[in-house]
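Two complexes follow with chain A in common, the first pairing it with chain B and the second with chain C.
Entry: the complex of A and B
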C-alpha cells in the first residue's frame, strides 16, 4: 500500500468512512468486551490484584486440568476418526460403501450442541437407550449397566458433533491431492493403511491441524453439552464460569477463568502457527 | 517365440461407462525392447499404459508376462514400475526417501537400501540433492527423481507416461538420450507413452500407433515412417498433403490417370492392394520437389501442376503453399518461388503413399494430429 502514491485527502476520508462500520463493530462488540473481561479479571473488591486468579486456582485447578484432559482427548479422537473417514472416502474401493459414508458422516454438522447434549443424555444414561439395547441384545446384565454421563459422555458428545467438520476439511484436502502420489505408492506395493499413514496424512497435515485447532477452540467454549451430560464436579471451565456468574454474581473469578481458557486456546493456536511456519521453511 | 512374447496383450478391451476406450488391443513385446505408444491425445494410449500397470481392469482380454496371466493381479504384483506424467513425487519426503520408498516397502535392510539409493542417485546426477524435498528441485531434477524411484525396485518392465512432456524443449532432447542409454544399460523392457512423433522415433525399437482406441500400426520407426498402412498413420507420420487421384492397377504397376492438375504416371505396385477408381494419395512436404512449370520429371514420379500461393521460411528450406486443382499442398524447396508463379510438383514414387478411399471416416482428413478425437466407433 505504501508504495502507491498518496491519494487526495478527500479520497482518504471516503476510504475511512467505508471502513468505519466494520471497524466500529469489531471494536465495540469484540475488542471492548474482551478488554473489559480481561481487565475485570484483575479487579477485586480490595482494588487491583491477582486474588481472582488465586481463588480460581484454589477452587478450580482440578477443573482446568479436567477441561484440558477431556477436550484434548476429544481432539485426539476427532483427529483419528477424521483421518479414518477421509481415508476411506479417498482410498475405499467399494463405491457403495464410499457413497453411503459420504452421505452419512455429515449429519451431526447440522445438529446444535444443545440438541447433541439432550440426545446423549437420553442415550448414555444408566437406563438410557444404549444400555437398554445392550441388555435387550443379551450382551449385558441389567445390574451391570453403568451411566456414561460423566467425562466419557462429554467426550462422546464432542467427538460425535465435531468429527464431521474436521472430516469434511480433511476429506476435501485428501480429494484434491495428486492421485498419482497415491498410485505411485500403490505401484510400489504399499497397502492402503500404509498409503494413508505415510503418503496421504502427511500431505493433508496442515488442513488436519487447522480443523483440530478450530475444533479445540469450539469445544473450549461449549457450555450446553457439559451442563446436559455431566455437570457434577469435576466439570469443564465453561460450566464453572456459568456457575460463578449465575450463583454468586462473581464476575471477577468468572473473568479470571475466562482468561485462563483464553491462555489455553492461545497456546493451541501458538502450537499450530509454529507448526505451519516450520512447514513453510 | 518366448523372447517375442515377454509381455503379451491379447484382445484387450477397456470401456468407461459402456463406451469402448480401447478395443481389440493385441501385441507382443520382447524382453529388453523399448516400445513407444504413439497417438494423438485422447486416443487411449495412457489408458492402455494404466491397464498394463494394473490401475484399470480390462473388460475383456488377457495380459501375460512370460506366459503368466496377470490380468487380475494388483499393480504391485506385476513387477512393473510406472513413472507418472506429473512425476507424482511425495512432497513431504526427501529425494532419498522418495527413491528409497519401494525398498523400504520390500524390507530391504537399511544399509543396503541406502547404498542402492546412493548408486542410483549418482547415476542420475542427483547425488548432491538427496536431502532436498521435491519442491526445491527443477523440473528436470524431479523427472530424474521419479525415474530413480521407479528404477530402485529393479522392475522388469518400466512404464513411462509422457515423462518428457513437462520439460522444456531443450532439456527434453538431452533427457531423451539419458533415458534411452539407461534403458539399454539396464536391459529393462520399457513402454513409453508419447504424442511426440520424433520422440517416439528416436527412443523406440518399435512404435505402436494408436487411433481411437485401436492399434493402427505396429513396426520399427523406419517401417512405420516409410510404409504407413493407412491414411491415418501416413498423416501422423507427416504425410499431410492429400490428393484424390484415379488409379488403374495393371499387373505389378499402378497407372494413375491424368486429372485436372496431374499428369498420367505409372508407379510400382509394391504389393499394394488398390482398387480401380478414386484413391487417396499422400506425401510429405520435404519429399516432393518443386520445379518451374513445364519441367520434366523422373519416369516413376507423379507430376502436379499448380500455382504458388504463399512462401515462408521455417528454417532450412523454403515452404510453399501450392494450389493444385482443388487441393492446397505444402512443398519445400531450397529456393523460393515467388507467390503467383506457376510450378510443377514432382512426387517420387517411393514417397507417394496410395490408399483405397476410406470409409466415411474423419480420421482420413488432413491435420489428424490437431483435430478432436474421433469417436470410438471410427
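Entry: the complex of A and C
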C-alpha cells in the first residue's frame, strides 16, 4: 500500500491543521497587506492606472537614486569593514588586540536604529561631540568644523550599526575555514593581507554576500535614522513614503514608492540568488 | 460553577455602570500632550468625578498622530461599530475638517457651558471646512523666528529683509524644510504669503487650481534662499542648532521655544520675532466622536479642559500655549506677570496682525507639492 509513503487522509488533515495557524498568520498579516499595498499603487482617484508611478518618478526620482547611492555606499563600506574585522580576528597575531576587538565590535548589534539616530544627531553636528573633541585636541580650528548631518551622517550611522552583524557572520565563516589553506600560504611566504584577499575572502564570499544582502534590505526599510539625522532633501524613500501619508494622506503614491523600493530589494535578492546558484553548479 | 461565573459577570456589569468609568482620551502631538492630560488634566478630572479614571493614549507627533486617529475613526465607522473606543480626541486643525465632513464627530459645543467662551474664527472654520459646533479649541500655537541677539543685532522684521539677511550671512539661517516637522512648513507658507500675493485667498478659499501658476517666482526665490541656509533635522533640530550656536536664526513653535527656555535647554538670551506679513499658527481641537461610549462624561471632560481656570493655569502658565477660549476670560485667572510672559517678545498687536492661519487644505497640499517640485 502507498500508506507508507503517503500518510492516511486523516493524518494529512492533522498535518494541515498543525501548520494552519502559522499559514494563517503569514497570509493574513504579511501576504494580504503586501498584496493590498501593491494593488493600491495602481489605484488612483480616476480609476486604475500608472498615475502614482508617474508622480513618483516626477517628484522622487532623485530621491530613489539618492537612496540607492547612500545604501549602496553603506553596503560597500560594511563589506570592507567586516572583512577587515573578520580578517584580523582570524589572522591577527596579538592575542590581546584580538580579544579586545572580539569584545568590542559586537556592541552596536544591540542598539536599535532609533537610538543610533539619536546618538549620531548630537555626535555628528557642527558643534557636536565629535567636532568638540577634535577642536579640544587641537586637531581642528572651531571655524573649520562641518556638520555631518547629511548623507554622510546616514552612511556613518548605517555602517556603524550594520557592520557588526555582517562581521559576526563573516568572522564565523572565516573561523571555520580549513586552517591548512592559510598555513600553506604562510609557509610559501604570503603576507597576511595577501592571505586575506586571495585565500580567505574568496572562501567566505557566499556568507559575506548573505550578510550584505540582509543589511541592504534592512537599511532600505529604516525610517528613524534619516528622520533623526537628515530629513531634508534629497532624502531616502522611507522618509518620502512617510511624508506622502502624513502630509497628504496619499496612500497611492506612498504605495507606488513602496513598490519601487520592493523592486530594488528584489533586484538585490535576484543578484544574490543568481550568484549563489552559479557557485553551487 | 457556571452560576457563579454568571453572578460574577452580572456583578461586574452593574459595577461598571454604577461609576468607575474609564474615559479614553486619544491625543496627537508630542509627549508634552500626553503629559498635559496625564499629569495635569486627569488628576483634576478624577478629583471632580470620584471613581472615574482618564486614560490618555498618545498617537504620535505631528500630522501623523492625527492621521492615525482619523484612520481609527474610519475603521470603526466602516466596521459599523456602535460604541467607539475613543471618548475624546485631540487633533490638529487640518484633520478636523475631514472628520466633520465624514460625519465622525458629535456636535457638542452648544451643549457645554464653556462653548460660549469661544470667540475665535478657528472654532467655526478649519482650513476652509465648516466645523461649527464640532470642535472646541484646546489652544493656539504660533510659529515665529527665533534668533540670537548676540549674533543678530537688528533682526529682520519682514520676509524680504530676512531674505536679504540670509544672502549676506550664508548658512546662518536654519530651517527644517517641509519633511521634518511643521515649523518648516509654516515658514514656507509665510514665504508664499509674502512673495506670492494673495495670502487671504489662500487662507479663506475658494480653491482655484490656476492660483498655483502665480507661485513660480516665489519658489524660485525660495530655492535660492534655501541654498544659503542650513537644513535642520526637525522642529527640535532647529532649536538644538540654535542652542549649540550652529545657526543664528530659525523658525520655531513659540510654545516649544518658551518650554525649552524654561527647562534650560536654550540659552536665556534668545529672542523671537514675527516677520511681516506673518507666519501661520494652528489650534489643536478637542473633538468627541459621534458614537463615543461615554459621551456625557466626555462632554464634562472637555468643559473642564476649556474652563477659564484650566486654560489659565494649564494652557498658558504651565505649557506656554495661547488660550483656546477668548483671552479676556483667561486673563482674569492669571497674575499680570504670568500673563505678560506670554507676550514677552511678540506683543498682542503683532499677534493680531501677523498671526496667520495655514492655507486651506487644497492650497496647502498644492504648495507643499510645488515645493517638492521646485525647491528641493
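In the analysis below, the second predicted complex is superposed on the first by the 276 of 281 C-alpha atoms of A that agree within 3 Å, B and C clash if a C-alpha of one lies under 4 Å from a C-alpha of the other, contacts with A are read in each partner's own complex, and residues count from 1 in each chain.
The criterion applied here is as follows: a contact is a pair of C-beta atoms (placed from the backbone, for glycine too) under 8 Å apart; a residue touches a chain by one contact, two chains touch by 3 or more.
A quick note: this is a predicted structure, and the numbers were derived from the prediction, not measured.
Asker: Comparing chain C with chain B, which touches more residues belonging to chain A?
Answerer: C
Asker: Which of the two partners, first being chain B and second being chain C, lies in contact with A:190: first, second, both, or neither?
Answerer: After superposition on chain A, A:190 lies in contact with chain B alone.
Asker: Is A:180 touching the first partner chain B, the second partner chain C, both, or neither of them?
Answerer: first
Asker: Based on the superposed arrangement, let me know which partner A:221 touches: chain B (first), chain C (second), both, or neither?
Answerer: neither
Asker: With both complexes superposed on chain A, which partner does A:54 reach: first (chain B), second (chain C), both or neither?
Answerer: In the superposition, A:54 contacts neither chain B nor chain C.
Asker: Quick check on the superposed pair: does A:230 touch chain B, chain C, both, or neither? Answer first, second, both or neither.
Answerer: A:230 contacts chain C only, not chain B.
Asker: Considering only the defined contacts, which chain A positions touch chain C in the complex?
Answerer: 58-59, 62, 121-122, 125-128, 147, 149-150, 227-235, 239-240, 242-243, 245-249
Asker: Provide the residue numbers of chain B that touch chain A in the complex, in ascending order.
Answerer: Residues 53, 55, 74-76, 80-82, 84-92, 101-102, 105-106, 149, 153.
Asker: Enumerate the contact residues on chain C facing chain A in the complex.
Answerer: My answer: residues 62-64, 67, 70, 176-180, 185, 230-234, 237, 240-241, 244-246, 365, 368-369, 372-373, 375-376.
Asker: Would you tell me which residues of chain A are touching chain B in their complex?
Answerer: 178, 180-181, 183-190, 194, 199, 202-203, 205
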